[in-house]
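Same chain, two partners: chain A is paired with chain B first, then with chain C.
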Partner chain A sequence: MTISPDAVYAVSDDVVAREIEGEIIIVPLVAGIGDLEDELFTLNETGKAIWDKLDGRRRLTEVIQELSAEYQAAPGEIEADVLGLTAELVRRRMLVAVPAS
Partner chain B sequence: MPSPPPKPCLYAVPGGVLSLSGPALLEFLRAVLAKGASFRFKARGFSMLPFIQDGDVLTVSPRPARRPQPGEVVAYCHPETGKLVVHRVSARRAGGYLLRGDNAPEADGLVPPANVLGRVDWVERRSRRMRFGQGQERRVIALLARHNLLHPLIFRASQMLRPLKRRYPV
Partner chain C sequence: MSAVNPSPYAAKVSASRHPLWKNRAHFLGRLDLELTERCNNDCIHCCINLPADDRVARRRELTTSGIIAILKEAAALGALSVRFTGGEPLVREDFQDLYLFARRLGLKVMLFTNARLITTDLARLFARIPPLEKIEVTVYGMRRESYEAVSRVPGSFEEFRRGVGLLLNKKVPFVVKGAVLPPNIRDLEEFETWAETLPAMDTPPQYSMFFDLRGRRDSPFKNRLIRSLRVSPEDGVILLRRQDRAYLQEMRQFCGKFMGPSGDLLFSCRAGHGACVDAYGKLQPCLLMRHPDMVYDLKKGSLKKALTNFFPRLREETRATNPDYLARCARCFLKGLCEQCPAKSWSEHGTLDTPVEYLCRVAHVQARDLGLLRERERAWEVNDWKERIVQI
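Take a look at the complex of A and B:
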C-alpha cells in the first residue's frame, strides 16, 4: 500500500478511539479489523505521538516536520515511521484518507 | 544527544477486553453503543452475584427499540452518582424502571429510560458463555429478588448441593 506524504488522514468511523490514562485505546466496530475477533488495540508512545497528529487536517508532511522538531530526529527517519504506521492503520481500516483542505 | 525514539507500534490488547472502570469505561461504552456496536468489558463488583461475578466479561448491546423487559440485565448510568451500573430490571414504572442487583439489599430507585445505555446480551466466565440468568428464567429471578427471596433460595440450594460438590469437584 502506498501512502503519499501529501495525503491527509483521519480516524475511521469503523473504530472508536479514546485516550485513557495517557494511552490510546482503539476499539474496532466492524469485523475484520483485527486478526482475531473482538480485538482491541493500543499504541506505544511513538505511535501515540503520530496518532495524535492524524487529525484530518494536517498533511503527513506536516506531521513529519512537527515530529522531527519535537524528537530532534532526522526527517527521513521520522518519515519512514510515520508512513509505515499510517500504512498499517489504513490497512486495518483505523484511518481513512480525507480531502486536504 | 537524545536517543532516537522507539519505532511506532500498534499492539493488540490481550483477550480483547477492556479492564477499565469509572468515567473512562462509561465514556467508551457510550461512544461504542452510539455507533450501534456491542461492547465487551470486565464486570467489577459483587452486586449481581451469583449470575454475574467479579471479573466476568459482559457484552452489552445498544438499547433495543423496545423497552427493556423485567428480568433483563441492563447497563445504565446511575442518575445520582453518574456511575456505570449493571443491574437487572425489576419492574417498569411510569417514568422509568426499577433496577436492582441480584445481590443488592434494595432497589436502586427509579431510573429514567434515557439513563439505560444497553442490554447485557452475554456473560462469559473463564471463556465460557453463561446462559443461566439470561433466558426466560430471568423473570423469575427478578421476581424473587424483588421479594427478597432470591438469596434464601440460593443459600438453601447451595447447602443442598454442597455434598455433591464435595463428591464431584468441578
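Take a look at the complex of A and C:
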C-alpha cells in the first residue's frame, strides 16, 4: 500500500477512538475490523503522537514537519513512522483518506 | 498488556488484562443497565419480571435521554462495556437507539435476552454493527410444552426459535444458558446437544437453579412459587457436577483462593466496585441489591460520586449486627461457596444480615461433596479450615 505524504487522513467511521487517561483506545464499530470479544487496539507513545495530528485537515507532510519540530530524531525516522503508522491504520480500516481542503 | 501483532505503533490488547481497568477505584470497567423490569415472558421462577404492558412501570422507567446521559458518563469514566439486561431489554421501543448510541460511544454491548423479539432488522443490525460481546440467550425448554410451562406465554417457544434462527442466519455470535426447572428438567440432554452445535458456544451452557426471590419483595405469592421450584441442595450439586466435568478440580482451586470467614463486614464481595443501574435510575451495588438505603439516586447525583463516595462508604460501614449472623455467617469459612449476601438476605428476609437457610444448606452440601466438611459438621464451628483447604 502506498501512502502519499501529500494526502490527508481522518479517523474512519468504522471505528470509535477513545482517549482514556491519555491512552488512545480504538474500538471497532462495524463488522470485520476486529470483532473478537475482549479485543481492543491501543497505540504506543509514538503512535499516539502521530494519531493526535491525523485530524482530517493536516497533510502528512505537515504532520511530519510538526513532529520533527517537537521531537529529536534521526533524519527520515519521523517520516518513516508517520507513513508506517498511516499505512497500518489504513490497512486496518481505522483511517481513511479525505480530500485536502 | 499482551501485544499479539508485531506493529511498532499499534497493539491488539486484551481489555480484561489492560492495566487501565485494574485497581482503579473510580474507574468503571462495565456498566450494568437494567433497561426495564417488564418482560414478554411470565416465567414461573423469575425474581424481577413485571408484565410487558405494565404502564405504571413503563412511565417510571428512565427515558431515552436519561439512559443516554448515564451511558455518556460511564464512557467518560472509562467503561469499556455495557450490559443491557432486564426484564427483557428488547421490550423497550428505543432499544435500537440505545444500542447504537452505546456502540458509537465505543462501548461493547452485552445483551441478555430471551430472543423472542429479535427481528430480521435487529439481527441485521447486530451483524453490521456487532455488539463485540456474545449475546446471551436464556432458554426455558427445548419443546413448546416445557418452554411455555415456564414462560407461561402461548406462542413464546416459536418466537424464541425464530429469534435464535435469525441470529444464526446472520452469523451473530450468541451463547445459550438454561434455568433448571421441573417442566424442563427432561430437556437438559437435548439442550446441551443442541448448544454444542452453536458456533459461539465454546463451553457447556451455564444453568441457574438456586433461584433468587423477588428483589423488590413485591409478591409473597411469587416467592412461595419460586421457593417450591428450587432444586434441593443435593440435586443441585449433582447438576453442577454433571454440567462440567472439570467442576471438582476448578472448585478445589477456587476454594484455595476465596475461602475464609468474612467477619461482620457485609459487603465482602465485588458489590459496589461496578455500577448497576435499575430501570428507574437507582444505582445499586449489584444487580440484586434493591434495599432502599443501599442504592444511590442518579437523578440527584452522578456515577462518579457514587463510585468514589457512596459505595466505598457503604462497603466500609455496612456491618452485621444480627447475633445469628455473627454467630454463623461471620465465622463461616465457606465464603467462596455460599451465596449468602446482603442482597439475598434482603430479598429473603427484608434485612441485610439474616442467614438464608437454603443458601447455607447448598454451601454445606457442596463443601461435603468437596471433602471440606464431614457429615453433620457446621462450617462456622470448624477451626482447622485452612488445613482442610490445603488438603483438598
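By definition in this document, the second predicted complex is superposed on the first by the 95 of 101 C-alpha atoms of A that agree within 3 Å, B and C clash if a C-alpha of one lies under 4 Å from a C-alpha of the other, contacts with A are read in each partner's own complex, and residues count from 1 in each chain.
Convention: a residue touches a chain if its C-beta (ideal position, glycine included) is under 8 Å from a C-beta of that chain, and two chains touch if they have at least 3 such contacts.
Here the structure is a predicted model, which means the values were calculated and not measured.
Trainee: Do chain B and chain C fit side by side on chain A after the overlay, or clash?
Mentor: clash
Trainee: Contact-wise, after the overlay, does A:87 reach chain B, chain C, both or neither (first, second, both, neither)?
Mentor: It touches nothing on chain B or chain C.
Trainee: Figure out whether A:72 sits in contact with chain B (first) or chain C (second), or with both, or with neither.
Mentor: first
Trainee: Check whether A:10 is in contact with chain B, with chain C, with both or with neither, and answer first, second, both or neither.
Mentor: Touch partners of A:10: none, neither chain B nor chain C.
Trainee: Can you tell which stretch of chain C collides with chain B among 254-262, 272-280, 308-316 or 380-388?
Mentor: Of the stretches 254-262, 272-280, 308-316 or 380-388 of chain C, only 272-280 runs into chain B after superposition.
Trainee: Looking at chain A, which of its residues have contacts with both chain B and chain C?
Mentor: Residues 16, 18, 20-21, 25, 27, 29-30, 34-35, 37-44, 46-47, 50, 81, 84-85, 88-89, 92 of chain A touch both chain B and chain C.
Trainee: State the interface residues of chain A toward chain B in the complex, per the touch definition above.
Mentor: Answer in residue numbers: 13, 16, 18, 20-21, 25, 27, 29-30, 34-47, 49-50, 71-73, 77, 81-82, 84-85, 88-89, 92.
Trainee: Which residues of chain C touch chain A once you look at their complex with the stated criterion?
Mentor: Chain C residues touching chain A: 1, 7-16, 18, 20, 75, 78, 80, 103-108, 127-130, 132-134.
Trainee: For the complex, which residues does chain A have touching chain C?
Mentor: Those residues of chain A that touch chain C are 16-18, 20-21, 23, 25-31, 34-35, 37-44, 46-47, 50, 81, 84-85, 88-89, 92.
Trainee: Tell me, which parts of chain B touch chain A in their complex?
Mentor: 2, 4-13, 16-18, 20, 24, 27-28, 31-32, 35-37, 39-40
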